[in-house]
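Right after this note come the structures.
What follows is a pair of complexes built around subunit A, which joins subunit B in one and subunit C in the other.
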Partner chain A sequence: MKKLTTFQLMSIMLCARFFSTMTYFPFAYENAAVYMLGAVISTALQALILLPAAVFAHAFNGEDPCGLSASKSRVLGYAVSALYLVYFAFSAFITVGDFSYFMDYYFTGYIPRIMAVICSVLAAVYIARMKISVLGKAAVYASAGFIIMTVMVVCGSISDLYFTNFHFAEENITDLIFSCVKAEFSRNGSLVLFVFLMSELDASKGKKDMPISRAAWYFLAVKIIVLELILFLITVILGDYVQLARLPFFSLAAYSQTGIIERFDGLFMFVWVIIAVVKLSAYIFCGAKCLRNLFPSLSRFTSAAAAGAVPAAASLFFLIPHNWERFAYSDGGAWQIVILTAAVPVLLMIICRKGGKEKNEKKLG
Partner chain B sequence: MSFSPDHENYKEIQISPQVSDAMRDLRAVTGNTMDLNIMNVKICGVDCALVSIEGMVSTVSMSELIFHPLMELEKRGSLKPEDIFSFLTEKSLLAAERKTVYNYGNVIQFLFSGFAVVFIDSLKKAVVFGIQGYDKRAVTIPETEQTIRAAQDSFTETIRTNLSLVRRRMKTPSLRFEMSQVGEISSTDVCMLYLADRASPEIIEKIRSGLSSIKLDTVLTSGYIEPFIDESYDRSVFSSVMTTERPDMVCASLNEGKVCVLVDGTPFCLILPTLFADNFRTMDDYCNKSFYTAFSRWMKYASFFLAIAFPGLYVALVMYHPETFTLKLLLNLAASEEATPYPPVFEVILLVVLFEIMREAGLRMPKAVGGAVSIVGGLIIGDAAVKSGLVSAPLLIVVGITATASFVTPSLYSAVSVLRLVFILAGGFGGLFGLSAAMIVLIANVNAMNDFAVSFTAPLTPFFRSGVKDMLVRDSFKEYEKRQATVEDFRQG
Partner chain C sequence: MRKSSADNIKIYLLVTVLGISLLFSAFGKTANISDRMLVHAMGIDPSEDGGYKVSMQIFKSSGAGSDTPIDPSQPNVEVISGEGKTITEAIKKASYKTGREAFLGHLQLICFNRDIDFSDPEDLFRFTLADKNVYLGVDLCLSETTAEDIMNAKMTRGATSAEALKKIIDTNAENSTAIKCEMLDFLSCVNTPQHIAMPVLSVEEQSEGSEGGSSGQQAEQQGGQQQGQQQEQQGSSEQQEGQGSSEPQVSVSSTALIKEGKVLEDTLDSDEAQGVAWLTRRAERGDMIVKHSGELINVMLTRDKIKTDLKIKDGRISYKADITVVAHANKNLRSSAESEELSGEIADELQRIFKAAEDKALRKNGTDIVGIWQLLRHEYPRTYIRYQDSLDDIYRAIDFETDVKVRVE
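Presenting the complex of A and B:
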């Protein structure tokens, strides 16, 4: 099997989002209940942003922006590929840097940062150099692992629910909601992954009638349900402690216990590493594909190695002198997601239709 | 061709019309090997020769099926060579297998397969009779795949016996046997088995071309041909070709649209393409009720996980994440580890390697001695190692559980034993981080196996609703009545 199923693409997107959920939460200094509201609004906005991509997917039968632009104009193809390459390289840089930083700072101190970077990038390159279906299947297992781990953590802490912790008593609630919407939006690089990977969806076995954008809608639905559930549990179990915890989901796992396992932070870390490698693999895979668009002579392995090595080296430049804090707690940019998910497809649709009209006029002439 | 044949150029050379010349040629080709048995005889006034290989033919069959009828023919008086040939090939039923051969290549092929060859003077052809009578092992109970309620017979080294074991269970004309010879020197019989109405023609063709591409000198076991038909042979620790010594398992696989390959001289049959879940299936699953089969399968899945990851997980938790253990367990573990001189990772590697040595010794030794090795290894060395403080008692329990669990899925043993060491090293040097990294790489490696466009991890990934239930709990026979799933269901374009 060479292509992705809808479920596999959704799993890749979920892994990319779950990594952020499991790591840093921007509401640490705010109210989790407000963030829940902000997440719902943000998800609605994401759905709006995805509409052009859905129309694009329908109009061009799931072709990715790079392929389509290259078919129209060589220069345009290079430009679009370069644009996506920069985004994926930067996302890989942030992912591997965050992974190493949080591993060292919060999860466990026994792995040197350089080792965390090398091991994760090697594993990710190994996966990214294979077919996309391998990444898709690995993402399915990783997502399943996340769900199982979440259920275990919840079961271990279900006895400590205090619903009085759940409240909206905040000053300037409108501003807070706005900042939460922005923060949640900027943590959804999965949308860019969807636009780029929709061309890999399998439409060979009687699935032509299904909308290609189905993976994105499913992603949004599953993401918001899981996110709201986690936020709710964090709020009602940890209470005001979330204001101190920068990684509240991890704190919940550490707090959770059963008669057999004293705390679940080890299990949490186990799943977190797997999810991180899958997310990194997705970015490296996409970056490698962009590289091959720009330099067709590159092999799969060389392009994947280059797409992994450059962000890894760049992240080490900040990680080793302990300067990663400037990236670790930033919200990231929502604008690049809007550009790559909505603006680029809209522009390409306009260009392609214009090109199509001109061709028709020439034919008629 | 006029030049005389030798052992290098004989294959295409036509049989000499003179029996004396043909016998000279045969002696030249075979270097007058001592087991070449040539009997010159005059039948109805025509010079003939009966050639066989000593020990390869049944003397009783030869006497009853060839000597006796030929002597009866002698009573008819003088006959032409063509009449004798016609009698042998058309007017008599001397043996179950009878063929006409025209060149020395075929003569040698049949002679060394246990046939007797009759040469008739002035004819450029000979007649071969299948009267094989070499010693062969009887059909016995399966040694490596024992079951409680399923059939108790297993394959032997003789391919034709094995084919009969399959044929008598599948009385359908759609069961096809395709015999071919592989090995430049050994000319080993290899037979491809499939159900014409179930197996994919594409898979059959791929295997057929894989077999015909073999250019080895000798093919002595089925392991020789595996690399030529297993597309992911060099890319994964797991194998997408399963082996079985059970004829009933072969029949079940054929019914699922799989293709089987039998190799003469090997009591194991290759089945392909196989799924990862097939390694957890036994014929007893179809003798028990569904609930027990489900329980048994889940035990096997758990055993597989324990076999590869338990020691690594133990090492990772003890060395880097002891806070995961409950307090009482943690205190016990701390007390036992405190008394040992080496880090847990070294202790586990020591015990696992020791176990592998004892297993290897037990396997190669005569059965009686093998038992003694197990007692010495398991009881004496284990007990002494704990008492002397070399290893901790909990660790011995972990390795013991792991070793037992690894025998639950014998078809995965080679992969399990290597992966176990990898996980121990990953857990010992990287803790849970190392285990996670090793796990995701393993998941990717397994998921990359896609032989014959059938995903090794199907029906889980990609998800096939029809197959998942059978994988987890076994479908009811009523479900099988409605529809028998085949590997074709799991093929992706």
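Presenting the complex of A and C:
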């Protein structure tokens, strides 16, 4: 059965993160330069909380928390699967809602929100019901498209750099940095994706090469480099306009120009739509897998359809009456990422190791 | 061969997707290009009741027929106007006159009346912030008289009149005789000091056949020329063969200074604007006339290196600009001594225009268009936070030093 490569898993995680980067920055963080510092600190903390997940992966040969907990105890398996299902369903709900909300913003209401939801969910469900390698390949192309687009935007705006726009003149800078660390953390649902999808990795090379955790470290490295570059450009080109811009990266792409292309917002939109579908597919795939753990009789198609339809229907309750702002500009919170990425694997390691020890003692006895 | 259930599902999905796409295609709310009013330039004046009067140059092709949609010998614009309490309302009222929806994605220039209040850029430019089609780098300018006069000056250079207006500003900015201003420059001043330089356009009518006529200066030719073409009659400023109608002459008369929302009385002339352009690193080239050995010679300057720095030492703030330019004179220099002498004369002239710019903009009017406050915020953030509400005191007391090196080639 075709599995994910390290590079493909890294690409899926990058797509999930890049969608957030392309979609919005909250107004509260007016100084992109301070956010750059916060992002570096946050990435270091993310590397720390990934350590338990990496140890878990190698201790249990790449098995995911749901599978391991189910092998230990049926009730524990159901509990862990339900926990991850709720997270993935909520993440899919946020992703499809943000996609429709900002699609509406880009095209000034000519595309009905229900249309954007239906089209995106249909495409994502189709991808999610297939093998994980299909999603992995799509993610590779999508993240490559994002890198190419970013390079083109950089080339188009390099003549408009004003380094004097880069500053740390903020009162209460420590509080601001802390807020930025928290915000950056809350945008990294990719870490939960890593913990869940590491069982899909092709670990045929064995423990020695540590292919499993390599995806996470590569993700963190690429993410911080690309994010810092984008934040730097936004700071030195757009200056204090970022305080007004709802979508600073989109504004930067619209402002960049070369001798051939006057604006890059069309290219931005193209890449954004593809990345949105990849991110949504990843969450629906994971949600479908949790559903099959809870209800083993479900087929791949039925579980994927359910994992997509429920968040889509829920999002329409807020999108149609134009009530999505409460989700669009809110911080998702970092605690659920810490729990699902670090706490659950650590807990399972303790339980399963303890169980393993008792078994061994019984055998010897 | 029996189809598998997976194949059936794929077919059902495909049919569903196609059906949804067709049935729900924007629910009939499509916007054809013929239903849109393509705005190329906009003029904003205050109206009599305290609101705004907006005059817009919208695209109207003046082609001979289907083969030549655009006749470059015509202005290809018409001007419509509307009034409202806000600029957005004024634009809507103007669009009702044409029955088409305004599309601002092609907006190249916004011209303001000098009496417009710029103190709240977010409110003033709300009509662009809400519309993500508007390019952030739209050129801004002021009008010597009213913005409507600039909009009514339909020129036949370029494919559209707005293109010609933009070209005038760009050419002046490239040669450092004026300071260019983009919408992004204003929108960056939301919570920060507002010190802006903006070119001022003036228009004068000229008769056909004068040097200012544009018959020999058409920039882009689209569709070629056709004999016996029919020309649409548009307005008094249209140029027609065999008739004595006038072609308006638009020029950049000066560069205005805007501080904290108000357009100041003092303006920068072309020399002072050149000085500011070099100090703000916007200048790529410039021109000057220098007296050398009793005769006046033209010198073209190109930029080599510009470095600006701010230092706080012994309680005093000093601004220093190190500028190196390459000078090309229209005179044959016979010796290195003569070259050095000319180099000194050019450096002295540059120092003079830098001093003139410093005195007019910074000392007399407290307008920091060279970006001292940005340097202070960048290099000494704590000092900036302490003095951000009293920057005028800094401008009065700052030591301003320029070091000019000229290489004559």
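The definition used in the following text is that the second predicted complex is superposed on the first by the 352 of 365 C-alpha atoms of A that agree within 3 Å, B and C clash if a C-alpha of one lies under 4 Å from a C-alpha of the other, contacts with A are read in each partner's own complex, and residues count from 1 in each chain.
Note that a residue touches a chain if its C-beta (ideal position, glycine included) is under 8 Å from a C-beta of that chain, and two chains touch if they have at least 3 such contacts.
Predicted model, so just to flag it, every value in this text is computed and none were measured.
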Answer with first, second, both or neither: which of subunit B and subunit C does A:V344 touch in the superposed model?
neither
Of the partners subunit B and subunit C, which touch A:M103 in the superposed model: first, second, both, neither?
first
Can A:V236 be said to touch subunit B (first), subunit C (second), both, or neither?
neither
Touching A:C286 in the superposition: subunit B (first), subunit C (second), both, neither?
neither
Is A:L197 in contact with subunit B, with subunit C, with both, or with neither (first, second, both, neither)?
neither
Tell me the contact category for A:A183 with respect to subunit B and subunit C: first, second, both or neither.
neither
Looking at the overlay, what does A:Y126 touch: subunit B (first), subunit C (second), both, or neither?
both
With the two structures laid over each other on chain A, which partner does A:F301 touch: subunit B (first), subunit C (second), both, or neither?
second
Please indicate which partner A:F270 is in contact with in the superposed arrangement: first for subunit B, second for subunit C, both, or neither.
first
On subunit A, which stretch or stretches are contacted by subunit B in one complex as well as by subunit C in the other?
108, 110-111, 115, 119, 126, 262-263, 265
Along subunit A, where are the residues that touch subunit B in the complex?
1-3, 5, 7-8, 103, 107-108, 110-111, 115-116, 119-120, 123, 126-127, 130-131, 133-138, 140-142, 202, 204-205, 259-263, 265-267, 269-274, 277-278
Given the complex with subunit A, which residues does subunit B contribute to the contact?
317, 320-321, 323-327, 330, 430-437, 439-441, 443-444, 447-448, 450, 453, 455, 457, 461-463, 492-493
Taking the complex as given, what residues does subunit C use to touch subunit A?
9, 13, 16-17, 20-21, 24, 26-27, 29-31, 122, 129, 131-132, 135-137, 184, 187-192, 371, 374-375, 377-378, 381-382, 384-385, 388
Complex interface listing, subunit A residues touching subunit C:
30, 105-106, 108-112, 114-115, 118-119, 122, 126, 162-171, 238-241, 243-244, 247, 250-251, 254-255, 257, 262-263, 265, 301
